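Both complexes below contain chain A, partnered by chain B and then by chain C.
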Partner chain A sequence: MPEITIKYFAALREQAGCSEERRQTAVASAAELYRELQAEYGLSLDIQHLKVAINNQYCPLTQPLQNGDTVVFIPPVAGG
Partner chain B sequence: MFKMFAEPIQDGPLRARLQSARAGALVVFEGWVRNHNEGFAVEALEYEAFAEMALLEAEKILAEARERWAIEAIVGAHRTGLLQIGEIAVWVGVSAAHRGEAFAACQYAMDEIKRRLPIWKKEHYRDRPAEWVNCQHCATAPAHHTHHHSATDGARV
Partner chain C sequence: MSDRSEQLYYSRQRILPEVSEAGQARLKAARVLVIGAGGLGCPALSYLAAAGVGILGICDGDRVALSNLHRQTLYAFADVGEYKVLAAAQRLAAANPFIVLQTHRENLGAANARELVCSYDLVLDCTDNFSSKFLIHDACFFEKVPLIQASVYQFEGQLQVYIYQPGEACLRCLWSIQPTPDCVGSCAEAGVLGVIPGLLGTWQAAEALKLLLDLPGQQHNETLLLNLLSNDLLRLRQSPDPDCPLCGQQPQIHDLLAAAPAVRVPGELRPDQLDSLSPQQSRYRWIDIRSAAERAESSDWIQHTEHIPLEDQDALRALAPERDCLLFCASGQRSAQLLQSLRAAGLGHVYALAGGLQALDNR
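So, the complex of A and B:
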């Protein structure tokens, strides 16, 4: 199975209880990965409010995941 | 150039990078932490960044500004960590031959920084628990949450 690195920030970091993890998963897309994590950690943010970055680039949530990808789900940003 | 600061932003070195004998205008925007938001007293702000990606995205924004307007230089910075009232949260400076281009490029860079950089803000209030700004109404329930609020420059989308 592909191994994915997931990094967590802000509200998602607090809810997941960690900043980073590696996980072997058979999910087909970033959206499916989020559903898997949501079920495991009880993440409260709905996917419709999130963006996803794969390897430091914004991507569609439907993007397929590759072995070695780093995935970050991005809650609504509030810089500035 | 764009920099992330874990300590208070010192603008001297940033301004030095904007010096140009061809520039007749310098526009600087500073976003400050203010003491209230949406009627609540704010005591401090905490910024968290996905720094690696924020820097990449910020450099894209500055490059876009350089492409769109005839400017001499553009420099930006953003704080992370715990900020007190009055501290600088974000800093953008633009030098250009004429002020119109400098104002426009600065406005563009600030708007895009707020929209695109993976940076999050937790507001610490005097009279209620701290909250991640923009995230409180995003729970797994419908809620079409489109309004924007924050205790910095108060832009509302």
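So, the complex of A and C:
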């Protein structure tokens, strides 16, 4: 199974309880990956409030995942 | 004598070949506005003032609070209760008498934002909420004033630079509509470690100096993302979106959006709560309930909405439940009343646009 590195920021980091993890997963896209994580960690943010970057490039949530990809989910942040 | 002191003041940065006499003169000629004199604004202001930015504007309508002091290092204990712009200007003037400080003791709104930013060469957004960030971004976009924006959350920060040149992505290329405040916490709710705005505000000042001095390595088309707990520093590349409602090929936003209208009736949705401001892309059926005469005077995009005038109650009560419907009128009055009666009749899939077309502004 492909291995994916996931980085968590802001509220997602709080809820996942870590900044980064690696996982083997069969999901096809970033959106499916988020649903898998949402089910596991009870992530409260709806996927429509998130942006995703794969290998440091913002991309659509439907982007297919490949072995070795680094996926960053980014919630909106406004503090100052 | 005074001129000699000024020479000496900047001597350690002026000996850098990248700065030199010419660069120092550029800084002195520059007009930079810092909006928000809080956690991000304090370090940004300190370093820009010390570097010799000739005209430094400070905009903030708030007073210093005790809970600010752990991260807003310009202020003394005795400043609590004082206007931030006054306390900050006093401290900065004492640190560098060779610059001009301009204070704007006001909160930004659609009425004053463009006018304020257009008298500066560069703006630093050091505010702490989405409506200010979108407002400042759009104002700078329309006035073509470069913007350096930062946001922080607990142990993390983000930074973006927008120059507003063709081929460049803007904030709305990524976030086409403003996120609602409830989908993320503020500093007050979620907490923040003081050094985080300290780091990001300092970084904003650094990007500002790079831009003013035309140094290499300027941020462009990317988000800088810092996580202090993992020491991760990511640079996420962003491409312009041709469908962006602000900078895209068919822009839908032509001026600053007015403040979000109040929601008074269950099922009313503000523009920022919609999935899309484009009826063609929205998951809602957009239904214009105005008269044919009003509709005829509308902009072209109205053609992409359906027309069922308020008088046609039979058709409105028979709206098919397969797809959620969004009723709209000019100001939100009629659509709110209709919404109430339709909801009372059991139509749970019907919604209304709070504030009506006026809330969408000059689309």
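Following the convention adopted for this analysis, the second predicted complex is superposed on the first by the 77 of 80 C-alpha atoms of A that agree within 3 Å, B and C clash if a C-alpha of one lies under 4 Å from a C-alpha of the other, contacts with A are read in each partner's own complex, and residues count from 1 in each chain.
The rule we apply is simple: a contact is a pair of C-beta atoms (placed from the backbone, for glycine too) under 8 Å apart; a residue touches a chain by one contact, two chains touch by 3 or more.
Quantities reported herein were computed from a predicted structural model and do not represent experimental measurements.
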Just chain B (first), just chain C (second), both, or neither: which does A:20 touch? second
By the touch definition at the top of the document, which applies to A:49: first (chain B), second (chain C), both, or neither? both
I'd like to check the shared interface: which positions of chain A are touched by both chain B and chain C across the two complexes? 7, 9-11, 13, 45-46, 49, 53, 56-58, 72, 74-80
Tell me, which parts of chain A touch chain B in their complex? 7, 9-11, 13, 38, 44-46, 49, 53, 56-58, 72, 74-80
As the complex stands, chain B meets chain A at residues 31, 47-50, 52-54, 56, 78, 89-90, 110, 113-122, 132-135, 138-141, 143, 145, 150, 152-153, 155
Which stretch or stretches of chain C touch chain A in the complex? 36, 38-41, 126-130, 133, 150-154, 156-158, 174-175, 179, 181, 183-187, 190, 192, 197, 223, 225, 227, 229-230, 232, 234-239, 275
Taking the touch rule as given, give the residues of chain A at its contact with chain C in the complex, in rising order. 7, 9-11, 13-14, 19-20, 45-46, 48-49, 51, 53, 56-58, 72, 74-80
